[in-house]
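Common to both upcoming complexes is subunit A, partnered first by subunit B, then by subunit C.
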Partner chain A sequence: MIDHTALLALPPYGLAAEQKQAFLTSELAALCTHHAQHCAPYAAMLAATGTQPNALTAVAQVPPLPVRLFKEYALSSVPPEALHKTMTSSGTTGQQVSRIFLDVETATLQSKVLAKTMESILGGARLPMIILDTAAVIKNRSMFSARGAGILGFSMFGRDKFYAMDEAMQLDIDGLKTFLAKHEGEPIFLFGFTYMVWQHFVQALLRQGVTLSIPQGTLLHGGGWKKLAAEAVSHDVFRDTLQKVCGVPRILDYYGMVEQTGTIYVECEHGHLHTPVWADVLIRRAKDFSLAAVGETGLIEVVSVLPRSYPGHALLTEDEGRLLGEDDCPCGRKGKYFEVLGRVQRAEVRGCSDTYEQHR
Partner chain B sequence: MSSIDDATARDTHTPESDTPTTQNAVAGAGTVAQPLPELAEPDTGSTSDLPLHGYCGLADPRQAAAAPALTPFHPMVTAFLTDVSAALLRDPRAKAYPDVTTFAFFCRRANLTQLASPYAQGQGRLGRGLAFHIAPSNVPMNFAYSLAAALLAGNASVVKASSHAFEQVRITCEAMRLQLAGAHKALTPYVNVITYPRERQDVTEVFSRLCDVRIIWGGDETIRRVREAPLPPRAVDMAFADRWSLLLCDAAYVAAMDAPSLATMAQGFYNDTYLFDQNACTTPRLVYWLGAGETLLAAQKRFWDAVHAYASPRYPVEPVTAVDKRVALYRAALTLPGAKLLPMPDNLAVRISLDALTLPVLDFRCAGGCFLEYAAQTLDPLTPLLTARTQTISALGVSPQAVYDLLLATGVRGVDRVTAVGHTMDFSLVWDGYDLIQTLSRRITLS
Partner chain C sequence: MTNSEKYHNAFVTALEVTPAQAPDLVYGKSNAWDSVGHMTLIAALEDAFDIMMEMDDIIDLSSFEKGKEILRKYDVEI
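The block that comes next holds the complex of A and B.
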């Protein structure tokens, strides 16, 4: 595997297809070998697909593990004494959550790569930061939920951090106004989860008839559109309403998941999600898992060279998406760019078993 | 025990038999679940104090407990079922639902006469009284078979149909209601079909207190929950739990099959599996091959080529199912000996070969076309799997009689049915090892 310095020296969006694929292929082959040696369940899974790690010649040949497996099995490539922390996905009560095992090395890589990616968006300096959430979610640090971890992770790129909501998720409008007055004329970084931003920031401002002015703001938001889609809030409505209530000019969605923390796919000014050099997205046809053509809808596979303490380097998500192009986005970034269409739907299942309880 | 969150049922499955038989009786096809109508608008009026939607029967189905028991295959019952059958076969709406048509064929007079013949000597029997049925939520027509069996045994019934508002249930109950309103009015107390939200345990308790026999179809969790509702001291429970089934194939036989019989086999196998998303208890999850070497390889190739050719135009691979099957493969890799993905052109049928058969094999289930495969020269390695969990063995090129003899000789706890390929879902009055007519009736002795 490539050493950290070389890895971090790579330009986030600077490698064109051929170079990038060569880099990813060799890294992923090395990761497959590494995890097969250190994680017996992973070795069994590779064997079940007949994959020989040393014979891999393309990223697409790495069999992706369904993300759901991390909810069912403890998949770790480090001995328990080397564990630094365990991340869990957020889930509603009763749902199983993913458990992701991190040692110091992988956790460090995640932070550093995230920093490199963010630097290309926000610039090198730390900006005054508004977190559109409550500080309560990060107070209990024994369990890193995805929400808390996301806030903590992105907090590294801000200074003078202000949590905009109280424990009851009520928007602190006076506090916000004070903060904005204090940082008038400065670029401001705002971060939040898409649904929280809509529900507890936009709606609160609308309800109270308050308009803020954040003319040099950059809002980064992620976490998915599932709930907003259910409320029929489109990307355009989200963006337009936000700009109306707070005048934030730059609104960037990102795609990422706790199973590959540190790897995020951020929207460019053309609304395309971009793959940074350390990661890739493959769109696979459900019919046979072959690669979909540009523009064709399929299942999203996410690939990242960061996971060394757990076998999460190639993951099959339950999200559908479309590849929009590679190396040719008008924004100038190299690498693939894509869009996410949402979670796949579970169809009605017929049969005697009237519960779906074995869907573990 | 949530069932399905989004009720976007697929209706892409076409029935695969030209002449309806009793096949596919246990699960429904082409089902479209619709939002449940408001409970405040019952078809037959509802009791003021129970949150019921009544499909047919008494305004207050609790009064069914007072109906006198009948003798098995009572002429009133067979006449009623015959007329319901005729009405359904005339109903143009029913044609869209092969499971409704199949039920109508099951209730034809000729079939009822045939069903009655083994019981012709059964003098001195009476129904137990009131049968309370909990039908499974995802199999629209199951309620109708459960009801018919209880009626034929001489019982009045209160059937809780699926709380999904299936069109098949509406059509069938409308036919029953019209017959009850006409020539068969006297049977009204015997034919109560209702539904209520599954979380209304209080309603389950009301009918459990009144019934003489309770028939529960469903998963282990449903059965556990229903059983929390006490029964009267003399009443009995019949539980049709989740079961596990397999297919037994003789490699030499399959290798020698001609093309037309292969195609017929593929259609039968499709009906056993894909037609109901491989989710019925009767559906094969393991293909056990008797054979080895070149013959085995040739047989497997012919079998799966034929199944793929038949299923491919009929069964779309949904993205979520493709992921489910990949998850199943890895689960198998982690829990079953020597699990290996076998080559197939696409994700329609996911085949996983095993080196040995161990008990965790019985925990393996994945809907939508995911099959374990194992090969041996004898049936001996199968023995550990013949537990109470195992229900149906379908056979291809293996004499069902030989399997039957093996079961009797080894005294296994499981396997209640041995069928030919394509017939795993045929409903019969002997189900899950119960003779429904005998179990749902009692014998009065005279000395």
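The block that comes next holds the complex of A and C.
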């Protein structure tokens, strides 16, 4: 496997298809071998599919594990004493959660790759940051799950952090105004989960007839659209309303999951989700798992070269999406770009914003 | 307060440990210094020395000793 320094030196969106596929194929082959040696159930699955890591010539030949397997089995490639932390997914009550086992190496790699990706979006400096959520989500360890981990992971890119909601998820408008006055004229980073942003920020401002001015803001949000789709809130409505109530010029959605923490797919200024150099997205037809054509809807497979402590380098999600193109987005970024269409029918509900249940 | 005292205090306050425990701490090896404690610690160090650390340094600050080495980059001698 490639060493960390070389991995981190890669330009996040700089490799064109041929080079990127060669890099990913060789890394994935090494990861298949590594996990087969250290995780017996994984070795059995590779053998069952007849996969020879040394013979891999394309990313698509790596058999993706269904994400659901991480709920049913403890899949780890490190001995228990080397475990650093176990991440759990944001399943709703009553659902089984995924368990992802991290050692220090993989956890560090995740943070560093996330930092490189974010640096290309926000620039190198850490910006004053508004977190559109409650601090209780990280203080209360019983609530601490993917939602808390997401907030913490991204808060590394901020400074002078301000949590905009109280424990009851009430927006602190006075606190926000004070924070904005203090940082007037500066670029500001805002982060939140899509549904929380809509429900507890946009709606609260609308209800109270307050408009804010954040002319140099970048809002990054993620965690799923299902709840908003159920309320018939489209991407355009979300964006337009947000701009009306707080004037944030740059609103970027991202796609990512706890099973591949550190790997995120961020939207560009043209509304396309982009695959960074450390990761890839493949769209597979649900009927036979063959590769779908550009523009054709299918199941999203996510590939990442980061997972070393657990066999999560190629995963079949329960999300549907469409590939939009490769290397030719008008924004200039290389790599594939795609869109997420939602959860497949009858799949369980998950996602940081979609599993949020309001207590009244 | 000397830099060494400020540094030690930041660990004790942010990670809620005793002064005797602080020098042996390693990130991820105790409940006190987990990812939540880490961001609190970074904020405490930045406040104590009036600095703003780079992302890579935040990620690399993984032990009491390593932190001293990193702070040197910001002209803080512990």
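Everything below uses one rule, namely that the second predicted complex is superposed on the first by the 341 of 360 C-alpha atoms of A that agree within 3 Å, B and C clash if a C-alpha of one lies under 4 Å from a C-alpha of the other, contacts with A are read in each partner's own complex, and residues count from 1 in each chain.
Criterion: contacts are C-beta pairs under 8 Å (C-beta built on N, C-alpha and C of every residue); 3 or more make two chains touch, one makes a residue touch a chain.
Keep in mind the model is a prediction, meaning the values are calculated, not measured.
Where does A:Glu320 make contact in the superposed view: on subunit B (first), on subunit C (second), on both, or on neither?
first
Which partner chains sit in contact with A:Ala55 here, subunit B, subunit C, both or neither? Use first/second/both/neither.
neither
Which partner, once the models are overlaid, touches more of subunit A's residues, subunit C or subunit B?
The partner making contact with more of subunit A's residues is B.
Contacts for A:Val344 in the overlay, against subunit B (first) and subunit C (second): which applies, first, second, both or neither?
first
After lining up the shared chain so the two structures overlap, which partner does A:Arg68 touch, if you call subunit B first and subunit C second: first, second, both or neither?
A:Arg68 sits against subunit B, while subunit C stays out of touch.
Touch check for A:Lys85: first (subunit B), second (subunit C), both, or neither?
Only subunit C is touched by A:Lys85; subunit B is not.
Considering only touches as defined above, state whether A:Ala230 meets subunit B (first), subunit C (second), both or neither.
neither
Go through the superposed model and pick first if A:Ala6 touches only subunit B, second if only subunit C, both, or neither.
Neither: A:Ala6 stays clear of subunit B and subunit C.
Touch check for A:Lys112: first (subunit B), second (subunit C), both, or neither?
Touch status of A:Lys112: second partner only.
For the complex, give me every residue of subunit A touching subunit C.
Those residues of subunit A that touch subunit C are 84-85, 104, 107-108, 111-112, 115, 118-119, 124, 126, 138-139, 141, 144, 148-149, 152-153, 155-157, 159, 161.
Residues of subunit B touching subunit A in their complex?
Per the touch definition, subunit B meets subunit A at residues 1-10, 26-29, 31, 33, 136-139, 142, 162, 217-222, 240, 242-243, 276-283, 317-323, 326-327, 329-334, 339-341, 345-348, 352, 365, 367.
Quick one: in the complex, what on subunit A touches subunit B?
Checking each residue of subunit A against subunit B gives 41, 44-45, 47-50, 65-66, 68-69, 72-73, 286-289, 298-299, 316, 318, 320, 344-358.
Any idea which subunit C residues touch subunit A in the complex?
Contacts found on subunit C: 27-28, 34-36, 39, 43, 46, 52, 54-56, 58-59, 62.
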